[in-house]
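After this come two complexes, each holding subunit A, first together with subunit B and then together with subunit C.
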Partner chain A sequence: MRGTASDYSLVTPKSLCEALTLIQQGAHPLAGGTDLMVLFEAGSLQWKSLVNIAGLKELKGIRFQQDRVELGALTTYTQILEDKKVVSHFPMLAESARLTGAWAIQNRGTLGGNIANASPAADSPPSLLAYDAEITLTSATGDRTIPYVDFHQGYKKTAIREGEIIRSITLPFPRRHSHTYFRKVGTRNAQAISKVVVAGLAHIIGGRLDQFRWAVGSLAPFPKRCRHVEKILWGNRVAKDLIQTACDNLKNDIAPIDDIRSTSTYRMIVARNCLKDFLEQLL
Partner chain B sequence: MKKRTPKAIGRVVPRKEGRAKVTGEAKYIDDINRDDLWHGATIRSSVARGSIRKITFDPKIPWKEFCVVTAKDIPGKNVVALIEGDQPLLAETRIEHPEEPVLLIAHPNKEMVTRARATIQIEYAAAAAVLDFEKSDTVFKSYSVNKGDVDSVFRRKDVTIVEETYFTGAQEQLYIEMNGVIAQASSQTGVTVWGSMQCPYYVHKALKALFQLPDDRVRVIQTETGGGFGGKEEYPSMIAGHAALLAWKCGHPVKLIYDRAEDMAATTKRHPSRTRHRTAVDKNGKLLAVEIDFLLDGGAYVTLSPVVLSRGTIHAAGPYLCDNVRVQSRVVKTNTPPHGAFRGFGAPQSLFAVEKHMDRIARVVGVAPEEIRRRNFLKTGGMTATSQVIQQKLDLSGLLDKALKKSNWKTKREKFLKHNKTSKIKKGLGLATFLHGAGFTGSGERVLASKVAVEGTEKGTIRVLTANTEIGQGTNTIFAQVVSDALKIPYEWVEVAQPDTARVPNSGPTVASRTCMIVGKLVERAALELEGKLIDSGLLEKNGEPSQFRKALVQYRKKYGELKGFAEYIQPSHVNWDDQLYRGDAYGAFAWAAYIAEVSVDTVTYCCTVDRFTAVQEVGRVVHPLLAEGQIIGGVTQGIGYALYERVVWKDGRMANNSLTNYIIPTSVDTPTIDVIFLEEPYEPGPGGAKGIGELPLDGPAPAILNAIENALGVEVNHIPLLPEDLLRVCEAGR
Partner chain C sequence: MKPTFKLKINGKAFAVQAHPLERLLDVLREQCGLSGTKEGCGEGECGACSVLLNGELVNSCLVPIAQAAGAAVLTVEGLASKSLSALQKSFLEHGGAQCGICTPGMLIAASALLKTSRRPNEKKVREALAGNLCRCTGYQNIVESVVGAHKESR
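Entry: the complex of A and B
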């Protein structure tokens, strides 16, 4: 253990209102703690003043509306997996929850935390992007809702403003008969940090793609949609040459790097293989 | 009718320390606390090579409250006494690797230690480091094994020559419990160390040299140990020395426990290797001449490298018969932390190469991999590369047949060939056949001259006294089984003493698959000696019942006090070894095995998964079926990690991925069903007929898995670890 506990303060507020006041004053939120405690262990947790938001009921719960579901920011991976309706409507979200960490992490880790931590390798953002989610942020001065696709802006850079935390994530139901593709590529089959993570959603009418979203993680400084690829495919009939063109254009959307876990070449080729794999399933 | 105690050997008896471990009663070193304890930390170098110019202490830290130890505080010799004595306990000015201990600090408050350690600045004059072991010209040790006349065969025109080079990477032992000790030391009382370790007498020897103290002023006690795998063979001498120096200077007991990051970066790993094979075969694939060049990366200091090299050298030609063999081997210096012992000890490296090479020969000659092996297997009466004649009954073809049948080899290989034509998931089967020598190499056991004792207790039970440690593998349990059968008393009447150099004789280190076969036999002999004394005293009749034994023992204790039986190692008469020529009986006995891996390779991601594993082996008599199966399953799992997942990322001589997040070992999801089959061929000089088992299962998985990948993809892969990135590179290069 390289962290020294007595250098930190942790306050557990009674209400969201109290929490937001503390956050306004510069304290940092701690939800499941599954990311922050890793930093603490390594002695590199920079925020000394922490607010324990884990118990705040205002940030919990899964609420279905007619055409969408709202997931409180504190929804854990386990809660996602235990909700049959979420699993059946959003199989990619369920899959990303199932493949995140170990059971202990899935019990503690929250969807809001995974998003706020903004790791380029996080497992749930590509699914949320492919489902075209919205995100609601809250602060002492009120709530605002933005498309999730605008949330990640750079390496560990997000749309969260000072004093704000995530309140909830809202996912519209995908259209009936949508095709989905989710793949997390780690070095092993469980408890791995993604080297490539992809989520795709396609809808075909009259043989043509009238909806196509392709979102990726670990392939750019932040989780993102591949707009070039999407543009090539949208409105077109899936065929061998089109697949080739789409795959050739993937390099315009992503910028994979060499790091301790993988290589740029590997990430590029595997990302391309995944896209090809999904499109071939649509042939 | 006489009541018979059921035999303990061959039966699944409860583990001696199992209950304490399961209930949490067992105390590991970090569970032990005392009020007067100080906490220590090690300040290490950060350059691979150079010399120390200046050390700066941050004035914001209250250094007066701390104990700070440098090399100048060492009362005796500044060496970790082992083989060569070239490794300092604390660097004086010269730095040879980037995790070299320079300073030690201790304070009563652990947080103060954590804060202070991050503030010490060391400046260096950096020097050019040697990081590529293939380019190193500092040789720590070399061997040469010669049999027959290799050169004249290579000159023949009617032979086919098959050549290839194979590489293996470093591997971290990754025991669950990190290295840790508590030390108490003063010039009046001497030095006492408690800790997690495999070899208490190695630590004892190192502390004597460090403090220049006689035998009886140094005491080393092994506490419950959470795994070792070789990683706690030599390193505890270092950490024990550090804690003892701090304790000596500050006058308080000092606890020194590594966190995972330090343990992974600073302590020993498996030696990386490069093996070149050049083989002459006839048109049927019969081996005519074998030439092997085996190279190991030793890291910065000699440590155990000569012995690791020795085992790797002797195993390099595999379980095959060839009249002409030349093995040349070297271990060289690089500026990384020293590489050391790891389950298998050099053999997994050289066996990886030979088992990959056999598949290559099979392809060149055009015969099946199982057939090429069958045509070349050693048999009873045949001679190994070191000219050791196999005396025991040996049927490698039988072992192989069993593995082929269990794995459904033939049917599946045909089925996969069809399946692979249309699927993005390619499947394959691969095999490896191999051997592993038990006990120290050659004259090693004779030199060690291990001693054990057993004593009768006041309650009429037996206590086993050895220095061999329970590190999760079952030492306590098997020793009790051996005594139980030797004396025909219930297993429950036997206990095993905690290894404590003040109380137990030196029965040698807990390494080299020797605990059961070598030390177990000594325990059996010592038990029989004790029984002999009871019979001689007239208190016990021969072949008495257990209750009579117990009664006699209690009476003996009342009458005469202590009752002990002793035994010391005697080299079996059939073992002859020539250390100069590196020829003769390298090991008293070998274990033999045939392993088969079934794999899937996803061609979208290049991820390989082992789907099923078959492990057939002959390890003599199986003492404890469940523990033995556990040894095989654990070893195979580590072998899967060695082959497919575990890569040490080196950056300027230092492990850069020293965390469980980035150093990937297989999880239960990555570990297939492992079918374990034992064929038993009792070995008379072992207790109840047992041979060694511990290291064997790490030798076979890596070559079997890579051979399976080649079968699945039709590409050649000659290095491990083979991560998806590597496989992609091989596949792309082949396009």
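Entry: the complex of A and C
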């Protein structure tokens, strides 16, 4: 049953500074609400003290620098899709956004919320991992920036410390002529939670892979890079037998489960087929 | 005491007293007498509660009233005027409504689309309405209603 509003408090702070003080005191951030309000409806929203961070301008905006782009934590999927430069430099992120929910969710849902919510099935993390993003966390005592690959540490376990929130996500431009691959497999094209989601980035020089990242969602307790597979491919020439070896090793990186959305067997097959598909495009 | 939130709904100024976490959906239906906006799922899946918030399509079941403070809201009631709009006429002509529960949300989602794309094709319409579920029509008539809406406006 739905939660009762009066059991909760929701404060709208005037500044980031005020928000961070409240968060330091134990309050929990509310951004677009597309995850939290669902919990509220289900009666399972455990955080009683909430801070409405949605209006904070310090957490908004898309800023390009020479070799990177910084996306404020409050950047919505719609804002990603409306930014032509983001779409052209980061097609996998754009695909994640385009395939997240439907329009109404894309208008409200934020990148920071998607990352912090840390669902193993979330659609943006694989793209962010494949682009080797960095994440900046902020608290009343200052900012710190860490590689995004170190952010997800276990099921719903992240590197966010008490008193911290996500300020921004920074993506370096991929090298010229990088190949990318993004695939979301769900029950229907829109508004479906992923059964499998994958993102890959490869760069070839002199016929050899000198960069290869393969990131997955819904295939492990948290979004992750497939290090075994990457290691096998890195530095090598893509060929039929190497593809076979890489695909055979995928099982060392992922541990898909049976749940209401799909089965472990199906997920394993789809994950393998996606990897094979990408690598065959590189032949 | 509950705080007061000011917002403009269908062009009219409202001041409502509500807990900040109360859903925009409930404020519209229970305090503003605007029961055109429906509740289907209450969790963002069905689109029956669709409204435009500062011109953007949102699910009002997922918006706490504190996040609508000072905003302009358009509900299905705001689409009506003395005469039927082109979109409404097209829904009538194509049989776009059966039981009608999804219809307010469909009309709002369609008007969000028609604001940016005056003559959307079927693919575009299906994409724009992807977050709106209908258990009656099988969608075809709804899609045809929206695709056909521009013809009515001539």
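Quick note on the criterion: the second predicted complex is superposed on the first by the 282 of 283 C-alpha atoms of A that agree within 3 Å, B and C clash if a C-alpha of one lies under 4 Å from a C-alpha of the other, contacts with A are read in each partner's own complex, and residues count from 1 in each chain.
By definition in this document, a residue touches a chain if its C-beta (ideal position, glycine included) is under 8 Å from a C-beta of that chain, and two chains touch if they have at least 3 such contacts.
Here the structure is a predicted model, which means the values were calculated and not measured.
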| item | value |
| --- | --- |
| Partner chain(s) touched by A:L50 [first = subunit B, second = subunit C, both, neither] | second |
| Contacts of A:A42 with subunit B and subunit C, given as first, second, both or neither | both |
| Subunit B versus subunit C as contact partner of A:V270, first or second or both or neither | first |
| Contacts of A:A5 with subunit B and subunit C, given as first, second, both or neither | both |
| Partner chain(s) touched by A:Q191 [first = subunit B, second = subunit C, both, neither] | both |
| Partner chain in contact with A:S262 - subunit B first, subunit C second, else both or neither | first |
| Partner chain(s) touched by A:N107 [first = subunit B, second = subunit C, both, neither] | second |
| Which of subunit B and subunit C A:L30 touches, first, second, both or neither | second |
| Common ground on subunit A, meaning residues reached by subunit C in one complex and by subunit B in the other | 2, 5-6, 38, 42, 189-191 |
| Subunit C to subunit A touching residues, read off their complex | 19-23, 42-45, 47, 50, 56-59, 61-64, 66-67, 69, 109, 112, 127-128, 130-132 |
| Interfacial residue positions of subunit A with respect to subunit B in the complex | 1-6, 38, 42-43, 183, 185, 187-193, 195-196, 260-263, 265-266, 269-270, 273-274, 277 |
| Subunit B residues within the subunit A interface of the complex | 111, 114-115, 118, 259, 261, 424, 603-607, 609, 645, 649, 656-657, 661-662, 664, 666-670, 723-725, 728-729, 732 |
| Residue ranges of subunit A touching subunit C (in the complex, touch as defined) | 2, 5-6, 8-12, 30, 32-34, 37-38, 40-42, 50, 52, 54, 78, 101-105, 107-108, 189-191 |
